[in-house]
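Two complexes follow with subunit A in common, the first pairing it with subunit B and the second with subunit C.
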Partner chain A sequence: MTLRRTLISLACSLLLTPAAFAEVAYVSNEKDDTLSLIDLDSLEVIETIAVGQRPRGITLSKDGTRLYICASDSDTVQVMDVASHKIIASLPSGEDPEQFALHPNNKLLYIANEDDALVTVVDVDSHEVLAQIDVGVEPEGMAVSPDGKWAVNTSETTNMLHWIDTETHQLVDNTLVDQRPRHVEFSDDGSTLWASAEIGGTVSVVDVATRQISKKLTFQIRGVHPDKVQPVGVKLTSDGRYAFVALGPANHVAVVDAKTYEVLDYLLVGRRVWHLEFNADESKLLTTNGVSGDVSIIDVAALKVVKSVKVGRYPWGLAVKS
Partner chain B sequence: MTIPTLARSCGLALALIGTAVRGAGPIEVDIGYLSYRPATPPALSNILPEPRDTGLRGAELGIDDSNTTGRFLQQKYRLHSRVDDEPRALLQQASELAQAGVSLFVADLPAAQLTALSEQLGQDALIFNAGSSEDALRRDQCLANVLHTLPSRAMLTDALAQWLAARRWRDWLLIVGNQPQDLAYAQALHRAAKRYGGRIVDEKAWSFDTDLRRSAQKELPLFTQGKDYDVVLVADERGDFGEYVLYNSWLPRPVAGTQGLTPVAWHRVVEQWGAAQLQSRFEDKTGRWMDSRDYAAWAGVRSIAEAVTQLQSTDSGAIRDFLLSERFQLAAFKGRKLSYRPWSGQLRQPIALVHPRALVSQSPQEGILHPHTDLDSLGFDAPESQCAELYAAKGEQQ
Partner chain C sequence: MKQPPPIDPRAYWHSLRGILEREFYRFLQQRSRFLSALVRPLLWLVVFAAGFRAALGVAIIPPYQTYITYETYIAPGLCCMILLFNGMQSSLSMVYDREMGSMRVLLMSPLPRTWLLICKLLAIALISLIQVYGFLALAWLLVGFEPPLAGLLTVLPALLLTALMLGAIGLLLSSRIRQLENFAGVMNFVIFPMFFISSALYPLWKMREASEWLYWACLLNPFSHAVELVRHALYLELNLQALAITAGTTAVFTMLAVMGFSPERTARRKT
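Up next is the complex of A and B:
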């Protein structure tokens, strides 16, 4: 029965979608131990895949053939073959991996181990742990600079950005930011780093050359108590025009002019919006809405929410395969 | 203090010295932890005992968390804990700590001993109250050198009353134990009833001295007979009889208050907003669950560390002024930033409503309005407290 249904749904998805061209969004469902797959043409869920326990951060390899999945409660990073949807390996990630970032060399994965105050560096080919670096309490956000020189981690209770030199794997600097930093995102040219502070309610724009805060953004939404404006996910368009900031329980995504830092608009999405991802040409921005259990799809040109797609329980991370 | 000494005292510091946040110098922070709990007579029905080190272990975790942060800032935190079952001896030890230069304290003490400590240590000290929920300390018997991280009884009962109002369970049967703290809890429930539209349809004093483990099924249905009520509220802080009210009331009604559905500062079932991480750190360290007094002690230490980080100073007066200002905010796993009320030194915080295996709700309830922050709908708001001048006056002295 299950097999038949799977076959039918597989056949349908093959028939309905030009498989070679359709973009697919992978969504990790933290409390379902699954991934939901959304076809970005039809904007429908085409498949649900069982993975390890408490999947949170997910990211694709640079060639799009593998999907890395932080299975936090399984204490591993799973490697999924994108073509077959089979888990082909489990990487030694350290305990409780939450978020990670893949180096531009497509080889080194920088993993935040939330319970152990560590960043673990894993070689995805040899499956070896190359380094473990002590960071602050509850490491969460991870990003690697476009030139591959920096890996930056945020620690939620220490309230810092930790700057790790990727050549030596030494911690070389720290930047104090507002309460509970959740996510970091480099601009495409690598000159700035955007860091959200969930409880502080701010996004700090950090000058990468000096590693000092150059600008701090705040948000105000009519009818929403300031304490509930809690920035988490941040995404920047590669043309440097917009920054999008997910505002958590405020249920809105802020649209920021990335040059003037002016907040242009607030887009209403689902409840407790956490992470964001673009499709390849950046015409669509996807958001995971944990409490309402759906993904909102934003038309970037029009700055309008066009659809919400029901996924599993507590959708958390996003990756788009083109 | 020299860099070599710091390195000796904290092996990690040496390796990380080059990586400190700029502008930060080496700072050592000594915090005294004082605990006195009067020996309680055996509770009649208390089958599961409370852990003996509640409070202390929370403070220790706060120190651990602050030191993990501190190694990037060249800060070193140390806890000097003094636990005594004789209050005079404890006060003596507090004085010795003060003479040795400690001016920051976390105290797990009943109100009377806290008041004595506050007087004895004087205005150079800053004390965090993690042990007394006494309303008077926030209302009219304030202590200018004390900040409260434990919620007051009024905060707890307001949190419960808001939820009862949201459920429209307006008619309350109140059962009150015969201990002074039970009467205080009942008084707080009366106040909350007035504020949030509860009606206490009947109030009964529990004065039986039988062990209820065998006889609850016979005694309690008769005891709870009378006018109709939506909910039974129990004021029994020690746990003499309250656990046996559940499922034994004359009418089939839920039980809340000190037993049943309880308003608390913290409980194992709180896991949202990153709390799961704090819970697992605590359990790894102690092998038990974190409770409200642990949380209050943890929040006291974390408040100090946050102030030290921002101020680059360990001066107790400067820390106090900073914590009472709008500049201070604490991320403390309750879903929003916490701050102190400048008129009473009380840490503003959401209150969890729990039963032993799950979180039921969190107050303030949705829709409660307040001109400044809905967190001030819990407990004594500025106009109800007579302490504002006292707190402001101390601030000006500095």
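Up next is the complex of A and C:
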């Protein structure tokens, strides 16, 4: 009897192994109040989960056990248990949370409150608000440096990057960039910060040591009017080779050589491409395409779009669980 | 009545080789024909499609897995355009052959006419294939049209069947046409409607947005199904419905063409 049970459990574990290791992408659907889950092996939607109102920015805890969801119209950050897909807590985020960034210590969450011109710092364990920092008008993008020293916020109307010292929670510097900065991304070594400007149509590469712009990238796509080139999401490969820039209503993702800053290619994806995310080994890059309601999957080695998967209405944020 | 002597099976092979060689030499001698067969679809690809590149949003439709540029969409249709023009032009040359008497020489062979005409169809089809692959190479160089490499192999039977279908239609037309002058009119009434009222330039859902009758006209056009057969085969997929319709149309038109060239009919025409 014991032998039979052992054999059955062994067979079950063998059968379940591929599924257990399959990577899953979580996609927030802004207009459906749901998350779509995409299996990154089969590239198909395997589940749709109802969450708070107008989910936008989403991010996983460093250990991958919890998913934080900006439920903008519910004025909260929801905490979802990844194993059970249950909402286990709601964090006091301040009003209209849109984007956030988790500190490398896995404890502090920096949340941009678009309507209040604030950045709220929340302790995800104690659920306490530790600080609220005044920033520019319509704060949106958030990033924390890999060494945890800086939290950087972008304000859409003030057109600035706001540098917050994570020890004192004081705003210590501002960097003026082009119109409507929407997203910031640190390079893996923490030496540069890439900031997209949606209306300006540029991406500024900022030297973190001096907090000055060292390079400004512009984009030109054959057959696409320049007004439609509106950079939003930015993602950098950890080997420092490529930068990918989502160009909004231009429906393309720009591939940039992260060393020479040369634009290598433009990849056609769905309509109004918004945010980007890699899988664990960075072999795949996912894009949320808001207007066409799908997620495009890019083969990073080949620099080709392999598939576009239909999700809910207005997909916005992305997180990949390996 | 005296029975004709049995035909040596080798004669079939001999005749096939002869007809293939003749078509091939004719192809080699008519280099301008090869160039014009390439220039036409290339103009569509490089000039026409470039203008529509961003204007026409092509949604994801099978066999595509993601968004494609308009150039990518029309490339399979342009491959079929080459086959269409070639099929018809070769038929035109058959009318010419008939006027010049060389067709009579061919049909006087003791071999069955069906066999001879099928050989002729096959020869036209194979020559067309060379041109299609030439076009695919240029499309890759000029606009970066990159179907999967294996697709270049899987598309071969689809292209061959399409070429046979269009050749058979051309053959039927040529059997009905007495003079070269008449043929020009038929080109306008057959080639252009066949190409434009199909899924070669726009997907069927787009046609349906424009008008319901246009959509149905496209659906009834066997050329649409040939284009879809080629499109799917290029992306390693088999579209069974398109295959059935293209194969069926090929069979019907080959039969009608053979009947059109039957000795009784030819004899009736002379009297």
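The working rule: the second predicted complex is superposed on the first by the 305 of 322 C-alpha atoms of A that agree within 3 Å, B and C clash if a C-alpha of one lies under 4 Å from a C-alpha of the other, contacts with A are read in each partner's own complex, and residues count from 1 in each chain.
By definition in this document, a residue touches a chain if its C-beta (ideal position, glycine included) is under 8 Å from a C-beta of that chain, and two chains touch if they have at least 3 such contacts.
Here the structure is a predicted model, which is why all the values come from computation and not from measurement.
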- Query: Looking at the combined model built on subunit A, do subunit B and subunit C fit side by side or clash?
  - Reply: fit
- For A:Leu217, decide between first (touching subunit B), second (touching subunit C), both and neither. neither
- Message: For A:Gly270, using the defined touch cut-off, is the partner it touches subunit B, subunit C, both, or neither? Pick first, second, both or neither.
- Response: second
- Message: Per the contact definition in the header, classify A:Lys307: touching subunit B only (first), subunit C only (second), both, or neither.
- Response: second
- Query: Taking the superposition as given, does A:Thr175 touch the first partner, subunit B, the second, subunit C, both, or neither?
  - Reply: first
- Message: Applying the document's definition of touching, compare subunit B and subunit C: which contacts more of subunit A?
- Response: B
- Message: Just to confirm the geometry: in the superposition, how small does the C-alpha gap between subunit B and subunit C get, in angstrom?
- Response: 7
- Query: Both subunit B and subunit C touch subunit A; at which residues?
  - Reply: 225
- Going by the contact rule at the top, pick out the subunit C residues touching subunit A in the complex. 50, 53-54, 57, 60, 65-69
- Query: Tell me, which parts of subunit B touch subunit A in their complex?
  - Reply: 12, 16, 18-21, 65, 68-69, 71-73, 274, 277, 280-281, 284, 309, 329-331, 335-337, 373-374
- Any idea which subunit A residues touch subunit B in the complex? 114-115, 117, 134, 136-138, 155-160, 162, 170-176, 179-180, 198-201, 225, 227-228, 230, 249
- Task: Over in the complex, which subunit A residues touch subunit C? Could you list them?
- Result: 222-225, 251, 268-271, 292, 294, 296, 305-308
